[in-house]
Amino acid sequence: MAIMTTSSLTFQPVLERIADEIGRTPGRGRPADYIPALAARDPRSFGMAVAELDGTVYGVGEWREPFSTQSVTKVFTLALDLAREGDALWEHVGREPSGNPFNSLVQLEYEHGIPRNPFINAGALVVTDRLLTRTGDAAGELLTFLRAESGNPELSFDQEVAASETAYGDRNAALAHFMASYGNIDNPVPLLLDQYFRQCSITASCADLALATSFLARHGIRADGTRLLTRSQAKQVNAVMLTCGTYDAAGDFAYRVGLPGKSGVGGGIIAVVPGRCTLCVWSPGLDERGNSVAGVAALDRFTTLTGLSVF
Amino acid sequence: MAIMTTSSLTFQPVLERIADEIGRTPGRGRPADYIPALAARDPRSFGMAVAELDGTVYGVGEWREPFSTQSVTKVFTLALDLAREGDALWEHVGREPSGNPFNSLVQLEYEHGIPRNPFINAGALVVTDRLLTRTGDAAGELLTFLRAESGNPELSFDQEVAASETAYGDRNAALAHFMASYGNIDNPVPLLLDQYFRQCSITASCADLALATSFLARHGIRADGTRLLTRSQAKQVNAVMLTCGTYDAAGDFAYRVGLPGKSGVGGGIIAVVPGRCTLCVWSPGLDERGNSVAGVAALDRFTTLTGLSVF
Amino acid sequence: MAIMTTSSLTFQPVLERIADEIGRTPGRGRPADYIPALAARDPRSFGMAVAELDGTVYGVGEWREPFSTQSVTKVFTLALDLAREGDALWEHVGREPSGNPFNSLVQLEYEHGIPRNPFINAGALVVTDRLLTRTGDAAGELLTFLRAESGNPELSFDQEVAASETAYGDRNAALAHFMASYGNIDNPVPLLLDQYFRQCSITASCADLALATSFLARHGIRADGTRLLTRSQAKQVNAVMLTCGTYDAAGDFAYRVGLPGKSGVGGGIIAVVPGRCTLCVWSPGLDERGNSVAGVAALDRFTTLTGLSVF
Amino acid sequence: MAIMTTSSLTFQPVLERIADEIGRTPGRGRPADYIPALAARDPRSFGMAVAELDGTVYGVGEWREPFSTQSVTKVFTLALDLAREGDALWEHVGREPSGNPFNSLVQLEYEHGIPRNPFINAGALVVTDRLLTRTGDAAGELLTFLRAESGNPELSFDQEVAASETAYGDRNAALAHFMASYGNIDNPVPLLLDQYFRQCSITASCADLALATSFLARHGIRADGTRLLTRSQAKQVNAVMLTCGTYDAAGDFAYRVGLPGKSGVGGGIIAVVPGRCTLCVWSPGLDERGNSVAGVAALDRFTTLTGLSVF
């Protein structure tokens, strides 16, 4: 992996222009406040990285600052499980937008314990449960993968964040027990929750995550040249990101940004330009739908300035 | 307590006529099958008892046969907690009909963790949680009360039923965690569930339950002459039974029977004629809404034959 | 019919005490404001009447002042149709509480065009549609009935109110077309709406309505001694009033008042003490669920002071 | 416009292979049966066309057979209104997937009369209403546009289809009145419905519609070289098609096909490969979500065989 920061290269001027515009924009939303570690971040923080297919990374702002990945990791867990069990996964989780706030139990009940998609909490619990059954340690599997793809062996769980999530974990416990009542959870709920919260707690930087996402721009090929997903599966994961990756704002994100993307309440968003590059942007201030305000704005500017939308 | 079975007394001929009619009616619904102890009961079983205010009891069929009380006990837990904390209870649980199947999470989410009424599972969990906080042993408190009112010291928990409920308890665990996420549960969820399932497991006969319900026909006065509820509170419990006591069929039950009543999936139903008498009927076959088929039919006949509806 | 106001009779002192208490209570809610005729009423107006089975009427305050009956008339339309078609009506409208705000379309869609009960707008449209098919003039039939029972030949439609309702009638037009799409409306929607809005527009006083409701306390017998409903049907209408008569507050009304009752957004509420008497109270200020604030409070006091609850 | 069918050209062999595969596949779903003109079509019919940016069209099967366009026209009405009023449109209709069946009123009520997106019926009614206000004849404007872009002056309304839609139009009348009750419809409902049903009734072939859609692959440029939409607006319409274009199956369509697309109950589907080409496929047999079974399968094969997905 070659980290390049020379400003003469392709994406660097675009990133700097975006950072400059974002820096002059007041109003950044509010950091998630349900756990102390997230609430403590400065909403004015901003970093952005672009990774080309060959591992070249461009960055601006706090692009090497580690932050809490949270739901961004749901993409990688999905890919890891899909690589193992293939289409059988889709009998346990759907791939339709939720049309409701991200914690909603309504549709889960209406659809008999099958979550709408892998990126709402209920769906991510199912995917983690299945990867746990297949590996014995879903969180460990995820961490190993992220370290390998990012080339950063220091990535790790944040024990304090994981403990905080557990302390406020009644909603996810309810989701897991609810799906278990429909027979759609295999492992004991406390074990599953431990695995789930540890995944959410992983800390990584924009550079790390842009690189870790590259396999989706390379149609399934990992950093070491081996194949994780078939070309068709990589396309499918991108499609699910586009239609379901930003909570209840997927339509708006597609409309403004026009790229497959996945956000987390830590303020990070990853995005994919298939066949071309990947992006990760981070800024802790969230809008009312849980997406980074400056993050979405930066990606919007990126696709407008470069024309690199999928549409 | 004087148990009277001489057929010359008031209610005996009515009960015998009803039993005769029910006995000639084919089609009795199906016993609840989610736990073995309920599934094993014969759907053709039938018993019915009427208790007058002075403790005189009339009965027919298997009126002295113990059965699993299940949700019927929710009435007594409500009364015991209401006696202790009064109107403050209503800040934690509503008193409106649910308008949805009895396990629904939809309204619970919509109403921010405050269950619609004390007789849906979520509401009963809240009431148990509050009585547990106030007594240290809600299930024990309930059993003591039922023994005293029925005059039957042999009433007890059915450990096998309680264990079965726990084994299939994911739905109730989901409800409890969900309400805990809104701050509406005080005790640890596993402890609460243990108390809740033990209450549901109590075994009693029609005679026992008709007597135990009498305080609601006596406007709040217990068997020993002491007052459990104020006259106004007794009226309120009766009102909640009428509007919410039979799952999603409260309107239909009021229409057909016209009495405050509470059913359980064990096939029992208690009913109150305020100022006059109480009834308990039992037959394990349920309709699709969870109420005893023969039980509702028998109460329908009783109010038609005697004119003892509240309307 | 003998109108009695001598204060020595039974109910007069109770009514005067209630009026006195209500008069000293600040905060009366707000009149309905969606049409001018309702918005113009003084929220401090208050009247209350009690009619005994023999037609004796007691009253206090503005008990002879005509007001807009609105949804109160749904009870009479139901009775008139039920008298004609009997139980077949219940294939087209349910009798369960709605569990949702009174204009909700959600359950109507979920339940395939069969409204939950005859007192939500959708259900009342169905009942009017059926009475219209059977009589050719549902509104005229209703007016004739109300004049006969109240003994007041001057009762009439308020053309201005009917015209206002039509002007703001999009919501009811939506309901009617929606049910028509399920085949549950027989007549052309504009004709049905005209009939429906005319019924709502009838103006009557507390004295008129208490008398007109008496057939429900007399178990189905009209003022002239003829039978409108069977004893069983009268009981059924009372049961539907108790479980569904006050919009989304039926449980609370049963809990506080403990009588079958039906409210309207004009501020009127009728109530029935089966076998004993009927009541009508009027005060235009509404709570957020559409029921008269002073009206509910007055009925609450009445049942507390007299002990005349059904529970 | 040059219609080319020489099999040596790029897309022709792919289309023929697809047609061959589809022809050997049993099970084609069922035509829409709510109006006679749709029910009468043979579910085994199949046609497919690809239009390159320069107007070259390739086709296979019944690609020149006219069929009922139905909801496919919603894309063009959206573009025509967006061209006129710009972003102000989005105050009256959202751009999020519906997450519910295509006629659902639930979310419409929850979101106060603002439909989720322009492609559910409620949203299309709003867009037609707005274009009607701006042009005086939305249906005529649409027909003129389709004739110009397809180069086919014979495109026209099917009066029989429009009359049938009107006869079964209660659901759409309900939607329109419901939104009018929130102030989100400007024109009289009967006039709006007439315009709406005429748009749905337009008959066109795969060749016509592939050509008419080309402006979305040309980033907003019409067949005559003039600009209808800005580049950004064209991207936005494509994004809305991808997330909302196939009723409740948008996630699945994105997953399988990976292209912006819009289906109609006449069995047609249009799709866009931005910057490259457009497609239209037609086969009347529908799946349970209202999309052409053979149509989705053919597009799935097309993107798999050519690699022309946006992901």
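Letters A, B, C and D mark the chains in the order given here, with residues in each chain numbered from 1 onward.
Just so we're on the same page, a residue touches a chain if its C-beta (ideal position, glycine included) is under 8 Å from a C-beta of that chain, and two chains touch if they have at least 3 such contacts.
These figures come from a predicted structure and were not determined experimentally.
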Number of steps on the shortest touching-chain route linking chain B and chain D: 2
Both-way neighbours, i.e. chains that touch chain D and touch chain A: none
Label of the chain whose CA centroid is most distant from the centroid of chain D: B
Separation of mean Cα positions, chain C and chain B [Å, integer]: 32
Length of the line joining the C-alpha centres of chain A and chain B, rounded to whole Å: 49
Rounded Å distance, chain A centre to chain C centre (Cα mean): 56
Contacts with 2+ other chains: residues of chain D: none
Chain-chain contacts as defined at top: A-B, A-D, B-C, C-D
Complex contact set, residues of chain B against chain A: 104-106, 109, 168, 170-171, 173-178, 180-181, 189
Sites on chain B touched by chain C in the complex: 94-100, 107, 116-117, 232, 234-236, 238-240, 242-244, 248-252, 254-255, 258, 260, 274, 304, 309-311
